[in-house]
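Note that the chains take the letters A, B, C and D in the order they are written out, and that residue 1 is the start of every chain.
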């Protein structure tokens, strides 16, 4: 926590001075912001460049990897989470944890159905045949 | 087969229930489940085991609770508690670990059972039926390709697999006496298997909510012996040369099974989701005249006269000519491509017979 | 724990003029409609959810009466489908989810942590008005043709049916955000507005429960939001991700829906646990048994509840591997839940048990929840569930949890904090009669449904096979008794507001901050900021005079 | 409310061009108020993540189910425009960060300039998006004119998916990719617009001198929101334009 931050608030807020060290405010240098911006643009260039070649199934991993790096740059520096309070970090990052739960279980079901068919040898080709027309109207019956 | 023939036509529609003539299944000794008519005994086993465990825990909990409510009740308004104990580690460990062990047993038992129920054995694969669910009836295709509607005959002691397909929304294939249930997901096949072990007729319910007539989407499961199977009772359709009364009776029966959930198939029977059959044909000095209809075909509206060809087409390709008349306009009937000529002929005869009254 | 506040109160003579409190500090419609006072917002919620509850209950009665005869007594199938959907949707989205956090949570939780208000009062008011907007839209949807999909809105039926699905979808979307903002607000309040000395482990368990609930509300509800949004889009421009005709997968809808709606079950039940924890302790005048274990089990339940949604889909054709995982994890939820139940019983043990109306409602909860929880274990077993899924057994099970447990806990809390909220007492005798009636009526309604269900009666049936007649009729009779009990309760609670029999300063002898605060609390809750010096539920600090002194 | 200002803490303005800020009645210190606001907003951002999470889950689900459709569909999008949009958004994210910084350090004019630049970034982004949408419309991949015409029984296709050049002819459910593309980008675009409006709001406040070193919470929060919008696009870009 830089002294500058302290002084920033000392004027506004005397009696709660002790709590100021909870890092709720951090003034980063313009130079740092500029560096992050350049890094982000560079990574954008990389991800586009890489996409010109086909690495098969690795494509997704590579692209998501680069995107995650970019995302963490934005979160850590632009969004100041690096200097934010522990609870804010916890709250925000936990959303990714629960997101991963949604992904893992939903996709696990989808991805394991193929194995499932091997297990039960249930054909999985779609049913042909007529359908009931969906009702477009949202009005009275 | 459903015996609508005996129902006098003036009966209100609801009196003709799909489950007419199906006996209530016997209930087992413990009074909770229908008597097992299939091979999945482990369901009953685990059910009653869990049930017993639950009762034991329930008695303990409520026993202690009610005892202390009486024994330790507050007699003076400022009475202090007998003890101020706030925790007891051994006790807490015990009542964490013991339930954990019990539920793990239940899990293993249950998962093993479910594998058994979802893994179809060879014998059942050789005896595969197809059950097609649509709002709100069942079509069963037998291994030999013949079809039956809203009831199915299976042979005792012979494992059977049902390939389940839905042509509209979610349904579920549920035979309580066999302990089998499986949702039918449109767009892909599901399958269930079981081995009928007890002669008789059983309920087949649709257990996944599927719209207006969900509660009447019902079929009978007849478990019969080999001799009866060979007669193919589901496939007896009066031929063209059969006496017309018999054909009309069969047509009415079939209409009750397949059509009444949307059409008025007689002045007193059927829903009004689709055009009524009443007045489809009228008698003009002894000759049958078909009703004039406004229909939309490929965008443009035209007028046609109801005749056998039009009816057959509307049954097999309902989307070809859509009735323009409100409120039926824009409502589409699910098709019955698979309905064979003999059955359609009987239906048409029945429709024509409506002109008499 | 005590503060220096009551010390001052003791000096006050009972004859003093009525103290200014949050009810009489300002008058007029605007002072309520635009209030930022968490207690007033809580009361507005209370009125709203009560009306929703009575409406939902009315629909329930209609359903039960219709099922008196196997061919149905009152409605056509189409009407019946709408009635049971209305019952489900109203009860779940308008009553059970917002009820306890919105009303009691709003009134009591800030008091318990010793805050002047919730952290974000404007957001608090906004979430109430969002709830109101959602309710209005839901009613509008009925006018626009109703909805007949069941409260689960399963695709593809919800995509094809010719009803006001988009409207009710938007209603649920808005209600979702009301719920999110409430939860968000409570999390911030618990983190930032605790009184000095109010450490995490001095927080009453109701606060812990509300906190765990809030986490669920914030993290699960957005997925429901996007799900109903996608259903609306499907109906508007056929995205196709849920529509099998377009290559979509209805099972994906079920995954999305239950990712929210299973945690939602705990959004509903955790606050109920919190209330019961409070009441068991206060009315046994005994510190809660295994305080920390209960606190942690709340959080444990909150987290595990995200891992078990697939147990609603055992028959839906998800892969066997998913079923394995979901069933395994499902049994784990049973453990923290069991721990709570045992701890409550252990708290009553050797306590000084006051058999007053809040405690009777609590006991009713403990018994009914035991049944509801245990039958849940039966349903957790995979092969048994394949038989019981979508039957009345499931219906009975979740009514034992949702109606029997949550609503009863809500009633218990209502009776417990009624004197605190209004400074008046209701008629104890009538309260006890009502409680008994509700308990009997409830069990008579739903015990037969267990039998029906295991015998194969599917749910959502407008007409049924005649062999189930006796169970349906018993159930209907029970429902009428239950309705009578609720009616009596509504009567004497409202009557108490007219009779205005003064409540005691500390009616039940609680020692948490909500009872330290004056009754009814002033606009800023405490005459001066409380300082917490004692452990939670330390009844040696109970100030007995305050139990005798009129408020 | 009226009679509780006895407890109000007032933060003096650092200069004549600023106005002082009064801490809300139920907070005892400005730090408490600041952190309550911050925590609340982080939680709100968490809900936004999960809201979009549903869409991303759907994307992966069907990417697994119809890889061909997604590959061919992805080729129909112009990755140059996508990359350009990404850069625009990253730049505006930077200007936003700088804007917050200037607010933290009570530099009124700089704040205003940076905020205006950010809004311009938002506008630029939407313009490019519009160009993309128009191209899709011309190729009949998303016919906005027929968007709400529903499902066409005869062709078994949705009526907004005409595919004039038959590019998706030989992949299953060709419309699926564009449905997901449209839904994701549209919802993201909506967030861009909301973000822009929010920025305009704090811009007004800044012009009135409300925000300074002592109190800049609203600027900070709007900044966080804008970075989230950027964050989501960082994932949308490769998923829609590059990976398939």
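Just so we're on the same page, a contact is a pair of C-beta atoms (placed from the backbone, for glycine too) under 8 Å apart; a residue touches a chain by one contact, two chains touch by 3 or more.
Only a predicted model underlies this, so the values are computations on that prediction, with no experimental measurement involved.
Taking each chain's centre as the mean of its CA atoms, B is the chain most distant from subunit D.
Annotation: A-D is the more contact-rich of the chain pairs A-D and C-D, by number of C-beta pairs in contact. Note on chain placement: the centre of subunit A and the centre of subunit D lie 13 Å apart, centres being C-alpha means. Work out the mean CA point of subunit B and of subunit D, and you get 48 Å between them.
In whole angstrom, the spacing between the mean C-alpha positions of subunit A and subunit B is 46.
Separating the CA-averaged centres of subunit C and subunit D is a span of 35 Å.
For subunit B, the set of residues that touch two or more other chains comprises 118, 168-169, 186-188, 190, 319, 332. The set of subunit C residues that touch two or more partner chains comprises 78, 156, 160-161, 187, 191, 219-220, 223, 238, 243-245, 247-249, 251-252, 256, 320.
Counting only residues that touch two or more partner chains, subunit A has 87, 91, 94-95, 98, 102, 106, 110, 119-120, 126, 131-134, 136. Partner subunit D is touched in their complex by these residues of subunit A: 8-9, 11-13, 15-16, 19-20, 22, 24-25, 27-28, 30, 33-34, 36-37, 40-41, 44, 47-48, 51, 59-60, 63-64, 66-67, 70-71, 74-75, 77-79, 84-85, 87-88, 91-92, 94-96, 98-99, 102-103, 106-107, 110-111, 131, 133-134, 136.
Chain contact summary for the complex, subunit A toward subunit C: residues 87, 91, 94-95, 98, 101-102, 105-106, 108-110, 112-113, 115-116, 119-120, 126, 131-141.
Taken together, the subunit C residues at the contact with subunit A in this complex read 78, 144-146, 156, 159-167, 187, 191, 219-220, 223, 235, 238, 243-245, 249, 251-252, 255-256, 259, 306-307, 309-310, 318-322, 325-326.
On subunit C, the positions that touch subunit B within their shared complex are 70-72, 77-78, 81, 148-150, 154, 156-157, 160-161, 244-245, 247-251, 284-293, 314-317, 320, 323-324, 327-328, 331-332, 334-335, 338-339, 341-343, 345-346, 348-355, 363, 366-367, 370-371, 374-375, 377-378, 380-387, 389-391, 451, 454-456, 458-467, 539, 544, 547.
Of all residues in subunit B, those touching subunit C in their complex are 14-15, 17, 19, 22, 24-25, 27, 31-34, 40, 42-43, 46-47, 50-51, 53-54, 57-58, 61-62, 64-66, 68-69, 72-74, 77-88, 91-92, 95-96, 99-100, 103-104, 106-107, 109-118, 168-170, 172, 174, 176-177, 179-183, 185-188, 190, 203, 205-216.
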